[in-house]
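Quick heads-up: structures coming right below.
One chain, chain A, links the two complexes that follow: it is found with chain B in the first and with chain C in the second.
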Partner chain A sequence: MSSDSSSTSGGEFTNPNPSPNSTSKPLEDQFASAALTEPDNEPPEIQESPNGVANGSVGENSHGEIESNEREGAVGSNLEARQSVRWRRTNSEVEVEAPSSPSSSGYAGERGSSSGSGSSGGFDMIGGGIGGGDDEEIQEVSNVDSIQDSQASWMPGKRHVDEAKERGQRGIYYGNIVMIEVGVGNRDGEGFQCSTTISDPVMVVVVLVALVVAVTMVTELVDDASLSWRKRKKHFFILSNSGKPIYSRYGDEHKLAGFSATLQAIISFVENGGDRVKLVRAGNHQVVFLVKGPIYLVCISCTEEPYESLRGQLELIYGQMLLILTKSVNRCFEKNPKFDMTPLLGGTDVVFSSLIHSFSWNPATFLHAYTCLPLAYATRQAAGAILQDVADSGVLFAILMCKHKVISLVGAQKASLHPDDMLLLANFVMSSESFRTSESFSPICLPRYNPMAFLYAYVHYLDVDTYLMLLTTSSDAFYHLKDCRIRIEMVLLRSNVLSEVQRSMLDGGMHVEDLPTDPLPRSGTLSPHLGQPRDSHESLREPFVGIGGPAGLWHFMYRSIFLDQYVSSEFSPPINSPRKQKRLYRAYQNLYASMHDKGIGPHKTQFRRDENYVLLCWVTQDFELYAAFDPLADKAVAIKTCNRVCQWVKDVENEIFLLGASPFSW
Partner chain B sequence: MARTTGNKNIQAKLVLLGDMGTGKTSLVLRFVKGQFFDYQESTIGAAFFTQVLSLNEATIKFDIWDTAGQERYHSLAPMYYRGAAAAVVVYDITSMESFERAKKWVQELQRQGNPNLIMFLAANKADLEEKRKVGVEDGEQYAKENGLVFLETSAKTAQNVNELFYEIAKRLAKASPSRQTGMKLHSRSQESGRRLFCCSG
Partner chain C sequence: MGMSAATTAAEGIKFCIFDLRRGQQEGQELDKILFFFPADLPFSAQLSVIGLSEGLITFTRIFSPEAACEVIEAERHSHVFYEAEPDIWMVMVVEKNESEAIWRIDALRKVLKEVHSLFLMFHGSIRTLIEKEPAGGLIRSHLYPFIMDYLSDFLLGKKLQLPSFRDCLKERGTVQMLTVSREAAIEVQSLVRMLESFAGNTQFYSLILFQDLLVSTTLSPVDTINLFTYAVLRLTPRALSSGVSSWSYLRKGSTASNVATGSILAQSASVSEQNFRSRDTSPPGGVNSHHIARPLQPDRWSKGKDGFLVTDIWGAEASGSTLATPTIWLQQTEERVYVCAYQYRSLTLILLVPVASILNGEQGVSVVKQQILENASLKMLKIEEKLSKGWAGENAYHVSGYRYLLVDGDRDVSRASPPGKVTTLTKESLLALSKVREEVDLEKGRMEHDNAGQEKDLEVCIRAKNNAWVIARITKGKELYMVLEKANETVLYASDAVEKFSNRYCNGAFSLD
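This part shows the complex of A and B:
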């Protein structure tokens, strides 16, 4: 489906949908082809393609759908063997393990174990963990092993296996992917699931033991001192492959040495077997692993975000680290495996915490696109022209931004900037108060441009929110860049770009209330409307009249694939509180992940209804549209509204996108 | 390098070096903007400031490089101190570690081998007397041995901050080619500089 066809909103095809007042729209066609007649309160999700998402229902939250999605996708693959595992755990065990709590173990005390060489040190850790437990835990291990029909020497009874079957616990082992669910005895009904690429069943056992220890540390420990730490919903850790903590979102990473060592043991052990741990599920917790050479990144979360999203977040965190240090930090680990990296990241906590915060509000973190500040075409052109001028004088990238939105950017010939790099760079600059104090010249690395080398960034704030970044490869270029900045600032002031930027910041961008009326019945000027009732369906939803845009449209995001840019409508009632915005953000995130699931996707359209929203997603080769409606919104009308949104975006693309000079993805 | 434009206008590059959290940015902000913040965020890379000081004998325009103290920027320091006319090495009197670090910076600058570089040693946070770990004599002694000018400063109370920069300006004015008479300070610093290189060589 091309954007051209989407723009023909006044098309002449007959709409197969039984909606009144219909005009033919590509999106409608798509839904029609999926045989979607629309009984308005039909509970199940409707989706064009036969994937797991369709099994969601109104009452179910979207995460459940994604998860089932994942499992079905897995089952659908080549399945070579099935194993069932049932682990029982008691509270006493949990307490026995408490001494290895991160907060109760001093750094010095733990240093020994974490500096134990390689995975054998790690193994001791695991062994210690098991030994510390009571007999029952050992039994569990042997139990698992028996299931995996090896090491018959210490085979206990089969009853556990039967029990596991009875309880419907699942463990799937096929090819080099293992998914195992383990019931943790003291948490009723909560599973423990692990998705790895482990080829050796014996290893699975050991890894699982370690995983239980690790997950227990996060979810089960009853140490008062670490209570607040454990209560956090989403942890991020960076550690080295020798188990040295590098970064922790919460708590002092040095006090987490024991915990880091455990994580290291798990990862290294699997790595040494040529395999990879990717995901562990324990109840509502997910543990996501990402290995980048000597750097391990781990996320432990109970936010119900899809695995792909969490993994993407770890990738960004790694990218942020590279932006600060470059990949050459790996050499430090080659020279000294026990290298302590924390001093190198001194003072950057705020950069990481700001990035992690953006995972819950900034769509760029999962869309992999950037967004522009809405500006009149001529204004953006004026800014672009002077930046181009500067770029021609030997600047690699000239980027003018306002908060996280791009005003204009220009790259030297053949240089292309990845949206993720922009995100990380903007985050780095915005989160570091230092840049606001005066003009700065700092080495930075753009991981997608060249992860090995530093560029030099001249950064200067032109006003409170607007900043200019000039990137160069030359460390001597400061005075030149300073001159460039003076020229740019002069031109921007003279052509009123800065005052336009201020005005745009106040006015905001696209408001759903302003969605132009259907051009067909009311041709002529497209006047904005504030929630004016437009369809007969509207009258059914009286409480919502006057809230949101037409047809119950609450919010939308449009991503242009060609431009690597997205535009998001302003939040307006009823999505007006930060909490609601975050919830919508998470819903979009799930939607994105389900649309881009490699196993079962990609999909073209998705229509999803739950108690919070109607979510509609439409992906073509040119764009992706994500829209949120009132949960009672009529489907046909919603689809029609989406077409109007696309048309609207087309109509104003000059103002909301940076066109022409894009150095991206050529 | 200090360079003279016209008769009395001197443009001079000044670099501040020292461990993180010693108060380099605070000193500069106190001098340039008259500001002080109890919580000053870490500098990224290096921040650039300019400030003009008028003396009787000359007008000095400082290009001030306030470098980041973090270890990761250490290897990039030459980029900032290269060609500097003056360097202020800063330590925190409440941290022996920062004093040791300051000595390393001094050594690095000495190795770097600009005999005309005017070096100051600033013992910052002098207002935190009760937490002092580095004695005044220690700093003085080290400065004397290495031909540095020593000052105890406090960006918080502004103690000796303007004095620090004025003193640098005076020496720059004296050292500049259009030198005038009255060379006491200058000759002394030259001597000490020479002694320094004899010793270290």
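This part shows the complex of A and C:
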């Protein structure tokens, strides 16, 4: 029935502006998507699309071709390779069982528990009602209203209950309107009579409000799961411009169709007014919108992060999606606005949730720089030399990493790698379990390098944390890259690079307690580890435990502008619990946003003191320094300490940065 | 309803008030709208603004039930929300397509708060007026002229000039005080006591201003702010002499241009009145036969021969011989009071006489007035002389080298560099400070929402790209904002400067030790 209504209405819906982005069309889709209960059958249609692999035009791949690429890769390589090519599918099975998967604990999971109660029907009925019988819908809504009364106990506070009830009443009425409109089209079979009225802003308003009200009731009244869902501190949603859910951090995106339609309605409503919504603020909550062609990204957060950070995070999520699919996925939407993208991203939930997790601990997500594993200069040189060897033999990028830190990286000729691409690639590899178990050859896209084209990544873990990534444009380079890897691995083993890496992992990076009090003698022999003799130091550090470094220095981050790299001190007391680390991280985010205002920034210096920290920031043409001190720290001494930190970083830059081999210096 | 001058005058600004409890029947959505500016915008466009607002209010309540939508930032517009009364929302939409149109949301919300507070003072709550006449004609006929008159003060040339980043060293909704010598303070005190003695068994309230600055008040803080705001807008000597620009840092300059452009708004008003009338379901003439006072109408107050300020805004008395004395509502005590304003040179005395305390209306008021003339006028003369002698003029509160704003949130008092001095700052410095204030606004908002109870203590000191120091200090309910151009480059210099200022002018409130 619902598909009926949408198809009959489709023709006349495209009213005010005939662009594909006009409100009316998405609205139609909302009805369709709200009413559909089964997954639709678009994916097979995509698979039928002709594959363009034969002509080797990597840049022109659409989804259908992604699949066939994988298949071809499988055909052309040995068993091992095929296994890795199929990682995505096997992966998805693994993730469903993974206890850490947010969807298992989120909205969808808990929702099932109350399915027996009348309220659970409310969701579907409201959705279905929009496309179907009006009487039923009203009943359902009022039904929900009464149920809500009985469930009032879990509502926080009486006032809220009243409000909800009021809204519920309004909802009855609004639901009614929408339904009557659609119902006319259904019963008379004479197309969508209200197509003209809907294009009328008045009706659009009514529909928008109706949708919002419907969703409010859905999320408010269905069951307790929705309460816990609403109380999540940070939601991320990806949806299509027709309102189809693509990804949701919490809850099953398929069950959030109505919610997704509301987000879409808001975006396209503002768009229809010739504008573009960026941010909605309500109390401690922010709703941040990002439109990327046919893809809409939304973040709803009460984490006190600045708008610029949240928007940057949406950009990264979009980038992560491109890394998996390339931008050519847009064409699927051009062909079919109701295209369902979720199957394409099947099994990649864990990639997104790991990225989202990194938004609260990895400074690279807002500094737009990468960080290196501290290593002796010679060790890094040795690693760089062998990577350079393979880069000369047709590898686009050769990257050796340990967790999220770079050991060495080399790019062919003029190719440069953006730090954001490295972040997304590393996240993709580290979050996918299958990469750990075997060598893999997988199509990936580097959105900053070329958002339209797939590259092929040969990934192999050399030990638990250390992995090698070789990127190429050629889809049949698996054997060649495998050979390269064997060569690299041999050299790394022979030159002890891997054991050095292990040691560095144990030793950690720069500790604020180690900040030299005097300018360091420049002779390199004295400093086995970051300018400090390591063993004698352990005893020295003892008295500082619990109070951080000198002058109340707790932590710092130093970003080299030219190198696109940053170094961050290890967390030490009193910033030793994850909660405290996250809070400091958020404070840095705020400081960064404050310093880098789009209109008037960047500022030169900032001193900021609140009840938690003294923060100092210093931005020059060459570097940026962010330092956190005890809130009682003396200003003058803190400034001096910052100068010493800068000096210290310069003294040990050979060990903490990848020098000379910067991807941009080619 | 074609193009009128009003649309061009108000380009980029929309301002509406709507009631979420109204217009819930199909086809009656227009009923929600209590006020819309510009009034000649097609109904469909008006409804679109209100529909989006309502949609987002509902949507945001899903996640934030206690505090619904406060602002929508879009690429080209900011929509600022304020829930003036339960379910009665004020929304202002401002365009940001030019280099001057950079807004601080909190400053815009303060405009909404101010106009609502003033409305409460003169007409009572919006809800009450709606309940009085559910068709809505009554509230609309009150709101429209009131808000249009209020907006006329923001007209500069042909444009409505709302507070932008250039006003970041101002704080609306606060009172500016005159610093008074001990001697003068004693005189003022005795005047206030004398005024109170007129009341007999009841209580009179008084507010005394020198120029545009407050000298004394016996009102509650909220009523003080409202009446002070009104006095500076319409009653003080500068407000009376139209054409002379006010130096009060909260008021836009040239009143002269208001006269010219006031007609544009008036024209728009007439368009709208027609609209609203045609929308009314009440019998024609029913509502409109009432006289509706327009307390904010410009240039309607004047100084009478006896020194009392008079206006025909409230019409004449039944007998027609004398003009009716204005009355206002006090929020604190919820009583209606007569407003008697007496002016001697720069000194303005506003005496508030509870309506309930006077049995015979205007006659009783004139008795009180007589008492003022006989007993208080001499005292006022003396006080005026003293204050004038000690008054250093409009740059009295300038501190050389500093551009500052000092806000005492507990007392709703602010003091700032004179506007003439603030204009010497570069655009970059003002933008930077406006941004910092926005950050601070967010922090303060979080404190409110979290209800933590603890007081915010914050110090931000930024060296901007143009080498100006931009400083914000929040401590114990007090806020200090400062721009130092041409200052030394070290943070220590900047904090020294704050320290000196704090010790000399803020009793060390912002000093570190």
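Going forward, the second predicted complex is superposed on the first by the 410 of 666 C-alpha atoms of A that agree within 3 Å, B and C clash if a C-alpha of one lies under 4 Å from a C-alpha of the other, contacts with A are read in each partner's own complex, and residues count from 1 in each chain.
The rule we apply is simple: a residue touches a chain if its C-beta (ideal position, glycine included) is under 8 Å from a C-beta of that chain, and two chains touch if they have at least 3 such contacts.
Given the structure is predicted, the values throughout are model-derived calculations rather than measurements.
S.K.: Of the two partner chains, chain B (first) and chain C (second), which one does A:Arg276 touch, if any: first, second, both, or neither?
M.R.: So A:Arg276 only meets chain C here.
S.K.: So in the superposed three-chain picture, is A:Ala551 touching just chain B, just chain C, both, or none of them (first/second/both/neither)?
M.R.: The answer is neither, since A:Ala551 touches no partner chain.
S.K.: Taking the superposition on A as described, I'd like to know which of chain B and chain C A:Ala477 touches: first, second, both or neither.
M.R.: Once the two structures are laid over each other on A, A:Ala477 reaches no partner at all.
S.K.: With both structures superposed, pick whichever of chain B and chain C touches the larger number of chain A residues.
M.R.: Comparing touch counts on chain A for chain B and chain C gives C.
S.K.: Between chain B (first) and chain C (second), which, if any, makes contact with A:Leu290: first, second, both or neither?
M.R.: neither
S.K.: Contact-wise, after the overlay, does A:Pro443 reach chain B, chain C, both or neither (first, second, both, neither)?
M.R.: First partner only, chain B.
S.K.: So in the superposed three-chain picture, is A:Met422 touching just chain B, just chain C, both, or none of them (first/second/both/neither)?
M.R.: Touch partners of A:Met422: none, neither chain B nor chain C.
S.K.: Figure out whether A:Ile600 sits in contact with chain B (first) or chain C (second), or with both, or with neither.
M.R.: A:Ile600: touches chain C, not chain B.
S.K.: Show which residues of chain A both chain B and chain C reach, each in its own complex.
M.R.: Chain A residues touching both partners: none found.
S.K.: Which of the residues in chain A come into contact with chain C in the complex?
M.R.: Against chain C, chain A makes touches at 156, 160, 163, 167, 170, 173, 177, 200-202, 204-206, 208-209, 211-213, 215-216, 219-220, 230, 262, 265-266, 269-270, 273-285, 287, 300, 302, 304, 307, 590, 594-595, 597, 599-611, 616, 635-636, 639.
S.K.: For chain B, which residues count as touching chain A in their complex?
M.R.: Listed in rising order, the residues are 20, 25, 29, 41-49, 66, 68, 70-73, 76, 79.
S.K.: State the interface residues of chain A toward chain B in the complex, per the touch definition above.
M.R.: Residue positions touching the partner: 324-325, 343-348, 350, 428, 432-435, 437-444, 457, 475-476, 478, 482.
S.K.: In their complex, what parts of chain C are in touch with chain A?
M.R.: So the residues of chain C touching chain A come out as 24-26, 29, 43-45, 47-48, 50-52, 54-56, 58-77, 102, 428, 431-432, 435-436, 439, 445-446, 449-450, 454, 456-465, 467, 490-492, 494-495.
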